[in-house]
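Two complexes come next, and they have one chain in common, chain A, joined by chain B in the first and chain C in the second.
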Partner chain A sequence: KSFASKERRLSIRKNIKRQMGLQDTSKDLVGNMEVDAFRRLFPLPFFERHLLESIRPDARPLGTARDTTVALGVVASADGSALAKVGYTTMLAAIKMEVMTPSLGSPDEGGIAVDFHMPPVCSPLIKPGRPAEAAAVLCKQLTDVIISSGMVNLKELSLIPGKAAWMAYLDVYCLDADGALFDAALLSAVSAFSHLHIPAVSVNDDGRVVAVSGELVEDNLVKVTLNKSKRKLTLSCIPFSLTCLLYKKYILADPTAEEESIMETSVTVVLDLSGRLVSFYKPGGPVLAHTSALQDCVALTRQRVKELQNILNEAIADMDLD
Partner chain B sequence: MAGKSSSVAPTTYSPSPTLKKQQRNNQQQPIFKDVDWVRPDGRAFQHCRPAFLRTGAVNSASGSAYAEFGNTKVIVSVFGPRESKKAMMFSDIGRLNCNVSYTTFASSIRGQGSEHKEFSSMLHKALEGAVMLESFPKTTVDVFALVLESGGSDLPVVISCASLALADAGIMMFDLVTSVSVSCLGTNLVIDPITEEESYQDGSIMITSMPSRNEVTQLTLSGDWSTPKIHEAMQLCLDACLKLGEIMRSCLREATSAPHE
Partner chain C sequence: MEFVSPEGLRLDGRRPMEMRQIRGEVGAVSKADGSAVFEMGNTKVIAAVYGPREVQNRGQQMSDQALVRCEYSMANFSTGDRMRKPKGDRRSIEISLVIRQTMEACIMTHLMPRSQIDIFVQVLQADGGTRSACINAATLALADAGIPMRDLVTSCSAGYLNSTPLLDLNYIEDSAGGPDVTVGILSKLDKVTLLQMDAKLPMDIFENVMQLAVEGCKAIANYIREVLLENTKQLEHRRGI
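Up next, the complex of A and B:
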């Protein structure tokens, strides 16, 4: 957060206090509580005051996303895993590989099964036993983007054409829901794939695929070693996304949950590393967007893709160093 | 999903052998009966795994904690006190609602977490003795735990982490609640077992206690035990609970003394 933007945020709060008649600066604690009450009671005017100065309550400029971090290999029991944090929004993605019989139509291809979960841990609005509506929508969005981006070449997931192939079960769990869930979920999924190590396996006499462990078991059962050591996938056209809120003439990049609850119109743009459009999602909303607004969203996403690419590459480099 | 023909998910299997198969194949069951058997992670029999505890892991919750004991990773959120469900009867003391769930990738075989449905009610029983329910009448405090990775001794870690999260949320309690389990492997007693040790165990005991008050809120005993072994195991657990309680307290102290944003 830059010094200048924090100053502006504090001056906006002072202005609100002055207008509410709280002149006495010695009662600063009470004054702050009154501003927080104003924020709860009249959220839209509170945000509009900030938007007029091209800033948001957390001192971010309108087009800036929150601090993002990615950590790879956080779950040892999974074949690939990643934890992505965008501001407070936290997503944990992990991939487990299992063996399946490939379908008749594509005997030399494996499969990817994507599932998105919002456990009650992540938000006060979710009760156990009843899956959130948002979870189903996000699951479909995530599946569509990952499959259609062509990031993973399904032929690399094949083991024995026609007989056995890998099924990659990707599970994304939301650990803290603070807005822009899709962006963090996609980032964690993509990071998990870049961390994925395919286990070394061989085939038994009875056609069953087994893992190659340190101590070799019965030699007479091992027929063919399919891959000697763990290998990684080659990923192409990695997709990254940015969600923006549209409100009057403003475009807010990477909204928090509070912002999303007040200004409902959102646009999610997914681009790959070469700048091609993978997905564009504007699910209704009270604000109708002009082409210029949509182009601005795409431009913001282009910038964001570069940032995310750097963050992911740094995380991979850190992993390799270990 | 790939595969145009199937709308039903294809059946898949995991290539790694299950632990029971490993036992049969390797016939290594008697190894721990060996006098100089060393634990797989090199610990002494009386040593617990190093604990990493952090509060404030989830911003959306009133209180939360993250605990990492070796490969067992748990995150707990506490919401409340908040309005009880409309269908609930009036109650002049508060209610505690607990839920423990596993991620699909928590155990080595995918989807094995649904075998632990009883953990939610066991967590409730462990905590209800320690929480001052009279301090939040008519309302409910929700405690939700998610096991991210299961490396053995899951329920004790969940209970300790939940008590830390309750403290972070400011829910009034008589004392912090800590929990440790001990496994009996032949003639050896090992504390804080990992998944592999739990699979070979002859018996197990788990104690949840309030260390400063020297009171036990929950004791679970299962398997083959002789009376002197039970006494020895109980003493081991209670000592470990005391030490764990101090670690949790220092974690809370650090969290409050850290500069506030």
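Up next, the complex of A and C:
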């Protein structure tokens, strides 16, 4: 955060103190506690004071997303994995491959199964024993976007047409829920797919597919080696997303959990690298939006897609260097 | 199968009395009151503590002490084969109970009546010793949350294979069928809170193996103390003291 933005944040806090009738006292600790109390008791006016100056409490301009990082290969026991952090929101995605018989309708295609979990670790609002409502909603959203985007060519997951194909089990775990969960989840899922190495397998005499370790052992049972070394998938039209909150005439990109709890109307736009719209999700909400607002959201997403593409490419390059 | 080579090296190149590399980090989850990530070799565990907060189920509220709850769950991808039921199966419930009772012994619950302390532990990668890693992570998380405790609880496991006591078993050594002793101690008070063992072992060898595990616990306690001191120094620095 730059020096100038810290100044702005402090000046807004001083304005609020003045409004509340507090003087600029030397006892800044007490002054700060009053502002924090104001933030808890009257969250909406607190945010509105910031929105009037086109800034948010963490000094971000309205259309800017939080700092994003991606790390690949964090789970050694999985075939592909990635950890994505957008601000404090942390998502861990891992893919494990298993062999299955393909369905009769599509004998030359593999499958992807997406599961999203929100363990009680991630948020104080989650009670153990009962899965959060948000987890089920996000799971469906994630599955729909990944499958409909056509990012993974299911024919690449086929081993023996009609007999054996790969099933990619993608599990996304939320480790810290601080708003804009879908963006981080999609980013981690996409990164995990780009890190995925399909294990080397060969077919036994009795038709069973077995995993092959690094060295190829001459075995009477081994009939056909299906792929000698681990290969990666070719991904096309990788989707990236941005969630925005709509409030009166403001559009806030990449909200934190606090912002989401106050201003409920959210819009999630998913675009792929060629700028095509993959998914648009506005699940109701108190704010009714004009088409101009929706187009602004799409424009913000377009910018964000470029940023995310760079971040992912850097992560892949770092991985290759290792 | 040979678990200790004639030169005295184990499958992963360690000596019998050598622990795996440990790493602990405080403050991993921003939303939690206290959180920590703890790694013992390839076993990675994340723990989050929420509390003391209002009791969610009024019927369970205790008027003279805090209610401690614990949930242990493993990620689907944490083990070699993908797990179908990561929570709610018997092993997870048993480990949740063990961790809860271990931590409850050292938290000063009488200082926080009518409240609830939740400890959630999630295993991200499992390579043997998950129980111990969870207890160590929970200790760090509780300390990060500022919950008053009598002492640091640390835990370590030890086994006996090829007539040698081994410290800190990994998954392959654990599933070899030999005895597996897990010990949890309060380090400064030098008291044992957790002791679990399965498979047969003569009494004198058991004492050796348990002593080895206790040494391992003390080493982990020293490391955890360093991590917490370092964390406090950073907090002081940020406050500008």
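Keep in mind that, in the parts below, the second predicted complex is superposed on the first by the 316 of 322 C-alpha atoms of A that agree within 3 Å, B and C clash if a C-alpha of one lies under 4 Å from a C-alpha of the other, contacts with A are read in each partner's own complex, and residues count from 1 in each chain.
The criterion applied here is as follows: contacts are C-beta pairs under 8 Å (C-beta built on N, C-alpha and C of every residue); 3 or more make two chains touch, one makes a residue touch a chain.
A quick note: this is a predicted structure, and the numbers were derived from the prediction, not measured.
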Side-by-side fit of chain B and chain C on chain A, or clash: clash
Partner chain in contact with A:K96 - chain B first, chain C second, else both or neither: both
First (chain B), second (chain C), both or neither touched by A:T234: neither
Contacts of A:S123 with chain B and chain C, given as first, second, both or neither: both
First, second, both or neither for A:D176, with chain B first and chain C second: both
Which of chain B and chain C A:E109 touches, first, second, both or neither: first
Chain C versus chain B, contacts on chain A by residue: B
Partner chain in contact with A:S274 - chain B first, chain C second, else both or neither: neither
First, second, both or neither for A:L154, with chain B first and chain C second: first
First (chain B), second (chain C), both or neither touched by A:V210: first
Residues of chain A contacting chain B in one complex and chain C in the other: 75-78, 81, 88, 90, 92, 94-96, 98, 115, 117, 119-124, 128, 169, 171, 173, 175-178, 257
Chain C-facing residues of chain A, complex: 75-78, 81, 88, 90, 92, 94-96, 98, 115, 117, 119-124, 127-129, 169, 171, 173, 175-178, 257
Contact set on chain A toward chain B in their complex: 75-78, 81, 88, 90, 92, 94-106, 109-115, 117, 119-124, 128, 143, 147, 154, 167, 169, 171, 173, 175-178, 199, 201, 208-211, 213, 217-218, 257
Residues of chain C touching chain A in the complex: 28-33, 35, 42, 46-48, 50, 53, 56, 69, 71, 73, 75-80, 82, 118, 120-122, 124-127
Residue numbers on chain B that touch chain A, as the complex places them: 1-6, 9-17, 25, 57-61, 64, 71, 73, 75-77, 79, 82, 99, 101, 103-108, 110, 142, 144-146, 148-151
